[in-house]
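Two complexes, one shared chain (subunit A), two partners (subunit B, subunit C).
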Partner chain A sequence: MLKMKFLAAVFLVCVITTVASIYLFSINKQPDTQLVEFTTPFVFGRFQIPQDNPLTVESVKLGRRLFYDPLLSKNNKVSCASCHKQSLAFTDGLALSVGVSGKSLPFNSMSLVNLMWGPKHFFWNGRSSSLEDQALQPIEHVDEMGSNLDDLTEELSEIKAYQILFEQAYGELNAASIAKALANFQRTLVSSNSRYDQFLRGEVSFSRQEEFGRKLFMAHPDTKVSLRGGNCIDCHSQFLTSGFSSVFDGFSNNGLDDDINLAEGLYGLTKLEAHRGLFKAPTLRNIAVTSPYMHDGRFKTLEEVLAHYNGGIKRSKTLSPLIIEADNLADTKAEHISLNLAPHEVLAIISFLHTLTDESFLTNKAFSDPFKTGELND
Partner chain B sequence: MNKLILIPLIGTVLIFLGCTDVKETTSAGATVSTIDTERNIEESQAIVLLSGLPTLGTKDSIAIIEMDPESNNFGNILYDYPLPKFDAPLHHLYYSPNGRLYATGLGVECSLAEIGLVRNAQAEPAITKVECLDTQGQSVGEDIMWHNVNGKLRMFVTFMGGTDLTQVDAGSVGVFDSQTNKVLKIIEARKSQVGEGKPYIMYPHGISAFEDRMVVTSTVHPNLADGVGNTVTVIDLNTFEPIENIVTEDAKPVGFPSSPVEVLFVRPSIVEGVEPAVLVNTMFGFETWKIPYDAKNKIFAKPEKVYDGATAGTGVPLEFYGNESELFISHAIPGLVKRYDLKSLPELVSSGEDIKAELGAHHMIFYSSASGRKLIAVQNNLLNLGDAKDNDPTDVDFIAKVNDHSLTVHDLATGERLGMINFKDKYQKGIDNIEALFGSGFTHHH
Partner chain C sequence: MIKPLKIIGLVSVSLLICIAIVWYNTVPKQLTVRFYPFLGNKPLVLNNAKYPNPGGEGEFTIRDFQFFISNLELTNNRNNYKEQESYHLARFDVGKAYYEITISEISVSNFQQLVFNIGIDRKANGTIVIAGDLDPNSRMAWNWQVGYKFLLLEGSLFTQEQQQPLVYHIGFNESYTRLNFPLNSNTVSNDGIIKLKVDILTLFNQAELIDMNEIPNVKFDPEDVAKIANGFKHFISIL
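Moving on to the complex of A and B:
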């Protein structure tokens, strides 16, 4: 009898161990994935990918489909791509975007390009600190896509194609894996074949006007050494043309409004008065196709943007000091802030900005709508 | 394990070690990741040119190495790109203002090359190509500098071997289109050809420029036997013609001409408001010279000796490097780096104790450790020349004495030595050059 009890106990332990092992194996099971392969310019700098969201082929494939799928919105009519169209460098051509509610949103649609570099805070006001976090906010926003993540997860789980794609990419379908997939697709949106990139690689030469514009773009004016400058590089870095990545260095008040009309900007995140009116300095990649400009889309053309910096600056308590002092004058005229650029200098800068257009990025099939390319057969 | 597998594996591990994961919760309760991106783990990584030592069975390569003594990876090669076999090692690495990577080479087969440096999808640096450029026969490349001439950026390269290495007075300066890498002009003025008393260029090595004046040094014939120079040549960049030779020589502590090597045109872009002057290190004179320059009248004054190594106990001064507050000069003998107050230039006013490196102190980089400690690393190696039949390819009498084959790492503030990597011991290779990875504290030295 004792022997029987002993054997039964051993058997029970074996069963429990086996079941536990199978359970642990199943919850720790990672899908068999393949890392994405591409190269980026070394001069763009180092980037980091979250440890728990490796950049896999499967996650990017899933993210691309999700990005273009209107199922993600409450009325099944608005996708991420509604406000981020590839041909417009993933902007929408509107001053202020419009989502499911039909109301104008507070901000201009930001271009989605080279997101692995630049400021590590997303949206114009920096309210999100990761691409994964950023990805879910428009989905849940009542005016943008208006979805409930639980409902959306359930809806997606009823679709066979998504069951397979989520299984292949993450082994599970939930809000976190939706965010991760969207983030990874956006990580692959790398633009590095504009004429400027080709110039940096030595493949092409610029026209005289483009080269003049490049030099103005890259120069902070210094009258002591007769250096005239467009001062662009103080906020838009040399290679990426985006804001700087360190802490909040990528945010600036560029003189759009006076104190009375100053918007919250980064203040909304940090609650620091010094950050009131500061907005993200966006990348200028493909800037010629991303009009209208600024966080509220107030400028329709690049000419209007340059006119702003060349005499339209409004003083406020958080206005960038780099803008105030960049006047190309030997004796700064404090009462009127302007770059004081000559018309031919303005035209040269605009000419250089056009070299930032990357046609291969705007037409890259890997970034296009898979529902329209015939790639999906489900 | 296959090296191809190992490299991305190491890189991936490094990425993860360099990140601090933070979990955040969205408004909907979904847990997603963010990462601490403030620390760039590449700040303490360097790119090095390594020479295979034939008797030790190793081959030339370009490597990326961890230089932080606080890291478990200190001294480890993180990435290694094997180079083709050339007739002499690649010598110096340079980044162009547009971020393109170049190397000069001490031979005829590849005296100037462009190196394709990219980043893969795992963010790891990777080399795609080493393309030897057409120099139109110019050999033994030494230094590169980019300078604007009449509004156009040009790449200037000194070739100690000129267009014919067999000439006893060889030497040329190549002017290249900085976009296409095509030769635009070869500035050549051999002493035997220009006529008595006329300005010449011979074994050019160091190069520096200010406005429309360029200076190159006359160092030593590449075969180390046919001749040694003692002048600095001034080139008019309006005509690309040499217009003056300035002798920088006093005592001859080893019996040779002074052999000016590296040169630095001290100018307002380096020191605000400075009266321009040229600083010159003489390899065999053991001295540093100052040549004041009157920019208004474009006149170089009589050179003045501002440092005498023979009396100070140092020899073979080599490189000039600078940061925002100091100028550093390396002395291969006894292997140290002297430091000077940048604002006091062109006078050499000491800014601190010597940094005690090893025999052959030569190139240097500046960077920070993981804890934020400011560091300097010194390459202690003059040249990796010689012949396998000598058993040690670096065993050329004079050169062998100034080849420690090491990198020493020091606290920048105190000079305290924090680490050392001996490449001959660890990798059976010699080190030819070290530069910080682009964007990680690169300091140009012309």
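Moving on to the complex of A and C:
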């Protein structure tokens, strides 16, 4: 009798332990993920990845599929890639982008390059403070992709491929994991093999014109010491060529409009008058393929951009004092704000800007449409 | 006879332990250095406040003010504490009354002097090393031949005739200036805070008052740079 009771007790303990283990194991189960292995150029400096969204192979694979999937839009015809095409360094060649509604958006499509560096605020007017936060906004925007996130989540959860990918990457399928996956795919879009990067690594030499253009790009003109400069470096950092990463230092008013016509820009986020009309200084990497230029795509060519800085600046209250002051002629008290660069200097700067084109980035299969490359086996 | 002695002994030891614990907990374990920006006796207010041109007509506003503090040390007669990767970009943004640097896990009472430098030391200034707030892709990076701007002051000067931009970018190795301040009960509060006044006007008030109409910008001209950088010696004082 005692033996039976003892055996029954042991059996009960085993059953309870087994059930408990299975339960605990399943609720604590995190997906078994693998971190992406990558290197970045020393000259780009530090970057950060959020603790709650480590850069894993699984999240990047999921993010890439989502990026190119038109299912994310209301009419199933518009994907992120519709306005961010790899061959155009993830822009779309339009002055103002157009989404599901057919109506032009107020802003030009921004190039998705080197997003782990530069300003930590996204969109032209800086209204988003993380890639995760930014990713969902176009999906929900009535004129961009026009989706309802709850409906979209349900739609995705009915597709076997997404069930597997979300399970592998995050263990769950919801708006947060959609955002995280898209953010992580975008983090991998690193452009660091342009002629300029090769020059920085000592692998190539520049032509005389390119080198002259580089020096002008990097110099704030100073007539007192006979230093001629294009002043680009005052807003576009020397290696990344983007706006500065600290606080809102990477946002400027570069004289596109007078006070009457000035769009609100960063003021929309901070409500500080000093930020009215300030916009994000974008990266100039691959600038030769990302026309048209500025937040509203008003300039079709680099020549037009240089002409703006070289005599087309419009005054407004928040116009950067650096732009007003920078002048290759001694008299800065003139009504007319201009860099006063000579034509051959303008050509040289444009020649340098062309060295920022990175063909290997524009054709890198890892960033391309997985629906087209036949990588998807569903 | 022994018993009362034992009791007294126990009580004394306990008392000593209690005093030690209390004392240990009240001695500051970190030093917080706070920089408060001023123009003369007026606190710096960005963008909206107007200040008189030190050496001439007109009033000016300040849009941005930043400068580097580096190689911070705490010293006494016997040994020094040297902060690692000691490159701080002091910045003063709207809504922030001060900029602060905190040095943790040190016993403030052990040290008699706070030492730091305005600008970047020659070695770091000549490289693209990334340490502390040094960032070759930052606003303070001039370019890789000249190094960093040590101090940045940008704004506008308003006179009856016009408004003109003020751009003071002060760099060059010669401008690197060492400063020191006493650490004692007069200068450091009980919770380990030392308050310093950063007086922008001292930069324009050295051998003579600088007229911003005459010198509205300083960039690479060595004489102009020296005029402003000479003020670094008196730029910061105990508040």
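Convention: the second predicted complex is superposed on the first by the 348 of 378 C-alpha atoms of A that agree within 3 Å, B and C clash if a C-alpha of one lies under 4 Å from a C-alpha of the other, contacts with A are read in each partner's own complex, and residues count from 1 in each chain.
To be clear about the criterion, a residue touches a chain if its C-beta (ideal position, glycine included) is under 8 Å from a C-beta of that chain, and two chains touch if they have at least 3 such contacts.
Just so it is clear, the model here is predicted, and its values are computed rather than measured.
Taken together through their common subunit A, the two structures put subunit B and subunit C in a clash. Of the two partner chains, subunit C is the only one that A:222 touches; subunit B does not reach it.
More residues of subunit A are in touch with B than with the other of subunit B and subunit C.
In the superposition on chain A, contact of A:37 is made with subunit B only, not with subunit C. Of the two partner chains placed by superposition, subunit B and subunit C are both touched by A:239. In the superposition on chain A, contact is made by A:174 with subunit B only, not with subunit C. Look at A:127: by the touch rule set out above, it reaches neither subunit B nor subunit C.
Of the two partner chains, neither subunit B nor subunit C is touched by A:354. Residue contacts after overlaying the shared chain place A:273 against subunit C, while subunit B stays out of touching range. In the overlay built on the shared chain, the residue A:53 is in contact with subunit B alone; subunit C does not reach it. Once chain A of one complex is fitted onto chain A of the other, the partner contacts of A:298 are absent, as it touches neither subunit B nor subunit C.
In the superposition on the C-alpha atoms of chain A, the part of subunit A touched by subunit B in one complex and by subunit C in the other spans residues 42-46, 225, 239, 245-247.
Looking at the complex, you find that subunit A touches subunit B at residues 35-53, 55, 120, 129-130, 132-133, 136-137, 140, 148-150, 174-176, 178-180, 199-202, 204-205, 225, 239, 245-247.
Partner subunit C is touched in their complex by these residues of subunit A: 42-46, 117-118, 218-220, 222, 224-225, 227, 233, 237-240, 242, 244-247, 249, 272-274, 321-322, 324-325, 332-333.
By the touch criterion given at the top, residues 46-47, 63, 89, 91, 93-94, 128, 130, 135-139, 141-144, 154-156, 162, 164-167, 169, 216-217, 219-221, 224 of subunit C touch subunit A in their complex.
Of all residues in subunit B, those touching subunit A in their complex are 15-16, 18-19, 21, 24, 26-35, 37-38, 40-42, 98-101, 114, 117-123, 125-126, 128, 178-181, 268-269, 438-439.
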